[in-house]
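In what comes next, chain A is part of two complexes: it sits with chain B in the first one and with chain C in the second one.
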Partner chain A sequence: MVWIYSSILQTFFTIIEFNNKEKFLRERGEGFMSQLKYMLLILVLVLLLPRETDAATLQSKIERAAPGETIEISEGIYEENLVITKPITLKGQGEVLIRSCEEQPAIMIKGQRVSLEQIQVEYCGEEEEATAISISGSKHQITNFEIETKRYGIRLDGASEVNIQNGLIIGQRKGNGIDLWESSHNTIQNMKIAKVQDGIYLEQSHKNTLRQNHIQGSRYGMHLMFADDNVLEKNIAQYNMTGTMLMRVKHVQVVGNDFSYNRNNVNAQGLLIYFVENSRIAENSLTGNRVGIYMETSEENVMANNKVMDNFIGVQFTKANNNQLTQNTFVGNVNEAQAIESSNNKIHHNYWDASAKLDLKGKGESIFPFVADPYFLTLTADVPEFQLFFQSPGVLLLQKMLKSPADQVLTDEAPLMETTMEVERTETSASALWMMSVGMMIVSTSLFIVGRKRV
Partner chain B sequence: MWNIWRSELRMTVRQRSYYSFLILWVAVLSLLFLLQNSAPSLTGYTNITGTVANIALYIIPLFMLIIGSFSIANEVENGQWRLLSTYPLFTLSYVIGKIGGQFTAQWIVFTFSFGISMAISLVIGGGFSMKWLWAIYLFSVTLLFFFLVIGVCIGSFVKTRWQALSISVMLWFFLIMIWPTALIGILGAVPYTWIAPLMNGLLFLNPAELIRVAFVISLDAGSVFGQAYDPLISYLGTYLSILIYILYFICFLAVSFLFSMGMLEWRKRR
Partner chain C sequence: MKKKLFSFLVLIGVLSMLAACGDKEVQPVAINEETDTCATCNMAVVDNQYATQVILENGKSLIFDDLGCMYEWMSENADQKIDAEFVRDYDNKEWVPADDAAYVYNQSVKTPMAYNVISFEQKADAEKFVANHAGSTLMTADELAKHSWTQNHEMMQNMGEGHSHSEDGTEESGHDMEQENTNH
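Take a look at the complex of A and B:
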């Protein structure tokens, strides 16, 4: 590039020189030859220069590449907006950064079998729908990339069989990390996403697989709307407003995920399920959320083998019927379970640390059913302000006196005696605790002795 | 003031009943620690933590109200108060000395029991989180102090120990046991829009509730109180909250001192 600019500058000076010279020569009647030279030079410039600059842009390289070709991009910063429509591979060598603040995406991918590898994108388009990478078509591969964006990270519109993996997306909470619209059969895995609106958002997108993604500091980790038959596997969504939200979906598999510490918002929950049918939620870990699993107006779902630990409310059902809750472990939740207007749910063989346990038959299950009273929930549903009485001693008394009708309580007929999985504990080292204990004894004893002394 | 303080402290720690408190606290705290130990999880505010806090809320205020009110009622009954009235003693120093001495004595026995109970649980083989222990300890000591002050206020106007006992239990029952029931009943009668501000205001009227809420917030669990308290919780969660607590503390002390002083002065003049 520098060479081109310097050559342009040089020619410019030459022209001025020529002009002056020509004036001088014309006066002497020797103008013709120089005039010809002058015109030739301009011609050369016009023919050569634009082609030189054009060849340097990535876009021109893309346009010249034959289908199936691999373009290796050398290290550097490229301020361009790329459009890729044919099956080629773009591979960064070292630090390749594509920077754009335009309205159109920094990289637009169409057609089939486009591969992007080792590329960083810095995108600062501010329009509502602006996105760093936009993808349509099918069978694309996006791997080992980094995106910093003001709005969206990647948007898939009508894309299928796209594979997005090993990437990092950091946003400014103004757009989704990866946004799928009418896009099916895609795989998104090993992504790290932070500070976006929704980590991965699926709408009208079916049969996609989201695996081993890590999302934090966002509004929702994963958000599915009208998206059926998707698989959410081994993802981690922590410190978001809500770990994952399923809304109006069917046949979704949520397996082996970790939705934890989503509690800093008064509406926070680990997993929110709303209008969901025939889905399976299994082997997930829900720790330290405000509500572990919140389910509303959903039917025929199975929740099994989940670890629901240290949440303020373990599971909460509202108008949820015919679901199955079994083999889950509930420990350390402030309120284990609550249900309002929910019926025909099959709740059995869960471990509840708050339940009274006695195994008479030696089958590993307690003879006492576990009962979760919704009194407090119904009380606060009408007047949310009364929630300040959460676990207040007086409310526990009130709850005991005013037992809710039997059809309103959530009951586990056969709670388990043992947890269904290992549960870890965090402890301070014993020596520090001993020091605290001994310190307290010494201080109080010495004050006691001083106090007893006669004046 | 310091003389009253010291004599109150000396008198209390020399009483035989004082040692029964040692047994009581050790028994209760050891049980609570064992309970916490049996919990599979230790991080933050959990079901067990709630139970532990509730047991502390049941037992500490009741005893402190009784001790506080008795410490003055006793002197009134056995005539020591009349004797003291003949001395040129400022009533405020008497009240502060009483509260200070009594609190020091109760703090000593509680802290000692806390240390012993911790040692017992550690020997048995328990594990704790330091933050949790400090939260429980500070929570209990704050309860101890506030209800001692209220107890002294009760003591300043009752005539006999029997009266002191019945008023203490009544107040305990009202502030701890039926506070939510009473509030739910009363607030059912006011317009809906008044509920939120009234709840916020009434929170500061009952020290037990305020201390409990502060305790829950200190364990990062403020969001259990729901959306309606988001501004309050996020405000009380910041460092500015210390200012509020100090201000509350000062106001509470000022009101109690004024009340008990007035009552004692009135009694002197009769």
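Take a look at the complex of A and C:
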């Protein structure tokens, strides 16, 4: 295509040259007219030819599209970096893959009301801040998409009322899946995110809704910093270093999420709460983590109706005051609760399966308060190696002798007799145990019989 | 002759070993990204130019993901005996004793906990950064000790008004603001 263009140009240049020579010979008016003709021809060429050569690129289609238009992208692989700044819809037909390894994002969205649908992005930019899709502006829709990225998946910077849903993001643990910076009133839902740094990261971004996202194999599932009034609802964050981190946030709702099996790191926990105020953590399931909920330096939060099950430590408070812990169910945790330097927490009406219970008044409450002594935790804080003495008789004796001060002890004055929710106890382990013991009995008796016969 | 040379070499060897024993200079510990978390904010520490560390006299090292977290820890744990403090050079990520480094505060530099202070081994490099980035403030280690450590978002949110979080975990959170002000 290029050589045709250049050869055509060359002929025109020779014509112009010829024309210039002609100009000296002919009358002024005639020469001007023919010159104008050629100039027009060249103009037409210059304007039309590049368009024809670039007709196949998506960017040219985007540039030609009128606001409100829908561009249907036919199946194929497009090695391009797209910039969309006007309200149009890009819709993939079949398998549409945008591929880029450039420093700039594969797709850059600005302005208002841009829609992306049915598009796959493969991005291998390696710069520290590199991202497959970058979004600013407002009211964009990104739906039914897939991103494979070396760094970030989607970055929102100063974006609002953006809706991101039904997508898949897979990274290489080097950047966040969806990263919000100074972006508020956005909705992120039904996303599947794996192998990224933080699944969804919010900094200085407020009033966003994260709903029904599923994040695994990442550093932190959801990570909020200086991000207030956000809602985290029905998300699943499993097998990460930490399910969710709330740091320096206020008025956050964490409801109905599943933060489980976050235990593969020595610093793992289901939910970490640091410098958090006036937030509500309710109806979440925290199962099989190293620590279910770890809370530090936080005040005026409510934790209610959570299921805290099979964790090494159920809840752990450090310098957490004036919080409310109620109607939670603690089942099968090695260590139900620990608190250091925490006071004035309203802890009542939780179910602790490890504690002794006796209901005298028929109110469903036990007359024995549940008490969690921080002795072991204080002991191991400075010398972690002392963890080897966990549940050793000597330490238990010391704990009884050197009673921690009353205000240091986490106490539930009115523990519940029954769980606050249905807890599906795994029966398999019990039946396996039975099978094993029966098997061993059979083996030992038969050995006994065989041995006797030989003698 | 050979014997003499050999004994001389042995002597040198023994002397250098002794010298090494006497060498009490504290060395920074390498960061393990898998397991190291910030002693203040609990966040996983990335082995980058923002990481800092404190080495206590008992040999224990504490890692921080942000210079501000280290200073917050030091103001909260004034009773701890500190042997050495290390920060990173912003450009080449080498460990630098905190007292020898030059510091730059710039609100638009994104640090992990948004304290927005970075460190340089050479003052010239810090000056270069200041020249290239508007809104930068150059500080020495002494000046940094008096720095207010306001986090970026607080600057924007609470212009003028006091924040009421309890830094030291005491019950009287109402007085914390005053305490903090006197601390720094």
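Just so it is clear, the second predicted complex is superposed on the first by the 383 of 455 C-alpha atoms of A that agree within 3 Å, B and C clash if a C-alpha of one lies under 4 Å from a C-alpha of the other, contacts with A are read in each partner's own complex, and residues count from 1 in each chain.
In this text, a contact is a pair of C-beta atoms (placed from the backbone, for glycine too) under 8 Å apart; a residue touches a chain by one contact, two chains touch by 3 or more.
Remember, predicted model here, so these are calculated numbers, not experimental data.
Trainee: Can you tell me whether chain B or chain C touches more residues on chain A?
Mentor: After superposing on chain A, more of chain A is contacted by B.
Trainee: Touching A:385, do we find chain B (first), chain C (second), both, or neither?
Mentor: First partner only.
Trainee: Could you say whether A:66 touches chain B, chain C, both of them, or neither, answering first, second, both or neither?
Mentor: A:66 contacts neither chain B nor chain C.
Trainee: Please indicate which partner A:309 is in contact with in the superposed arrangement: first for chain B, second for chain C, both, or neither.
Mentor: Only chain B is touched by A:309; chain C is not.
Trainee: For A:265, using the defined touch cut-off, is the partner it touches chain B, chain C, both, or neither? Pick first, second, both or neither.
Mentor: In the superposed model, A:265 contacts both chain B and chain C.
Trainee: Can A:332 be said to touch chain B (first), chain C (second), both, or neither?
Mentor: In the superposition, A:332 contacts chain B only.
Trainee: Look at A:360 in the shared chain and tell me whether it touches chain B only, chain C only, both, or neither; answer first, second, both or neither.
Mentor: In the superposition, A:360 touches no partner, neither chain B nor chain C.
Trainee: Output the chain A positions appearing in both contact lists, the one against chain B and the one against chain C.
Mentor: Common interface on chain A, chain B vs chain C: 265-267.
Trainee: Considering only the defined contacts, which chain A positions touch chain C in the complex?
Mentor: 203-204, 219-220, 225-226, 241, 245, 247-248, 265-267, 272, 274-275, 277, 294, 296-297, 299, 319, 321, 341-344
Trainee: Provide the residue numbers of chain C that touch chain A in the complex, in ascending order.
Mentor: Residue positions touching the partner: 34-35, 37, 41-44, 113-114, 151-153, 156, 165-167, 169, 171, 173.
Trainee: Show me the residue ranges of chain A that touch chain B in the complex, using the header's touch definition.
Mentor: 263-268, 288, 290, 309-310, 312, 331-336, 353-354, 379-380, 383-398, 419, 423, 425-428, 430, 432-434, 436-441, 443-445, 447-448, 451-455
Trainee: Going by the contact rule set out above, which residues of chain B touch chain A in the complex?
Mentor: 6-7, 9-10, 13-14, 39-50, 53-54, 57-58, 104-105, 107-109, 111-112, 114-116, 118-119, 122, 127-131, 133, 176-181, 183-184, 187, 192, 195-196, 199, 203, 209, 212-213, 216, 221, 223-230
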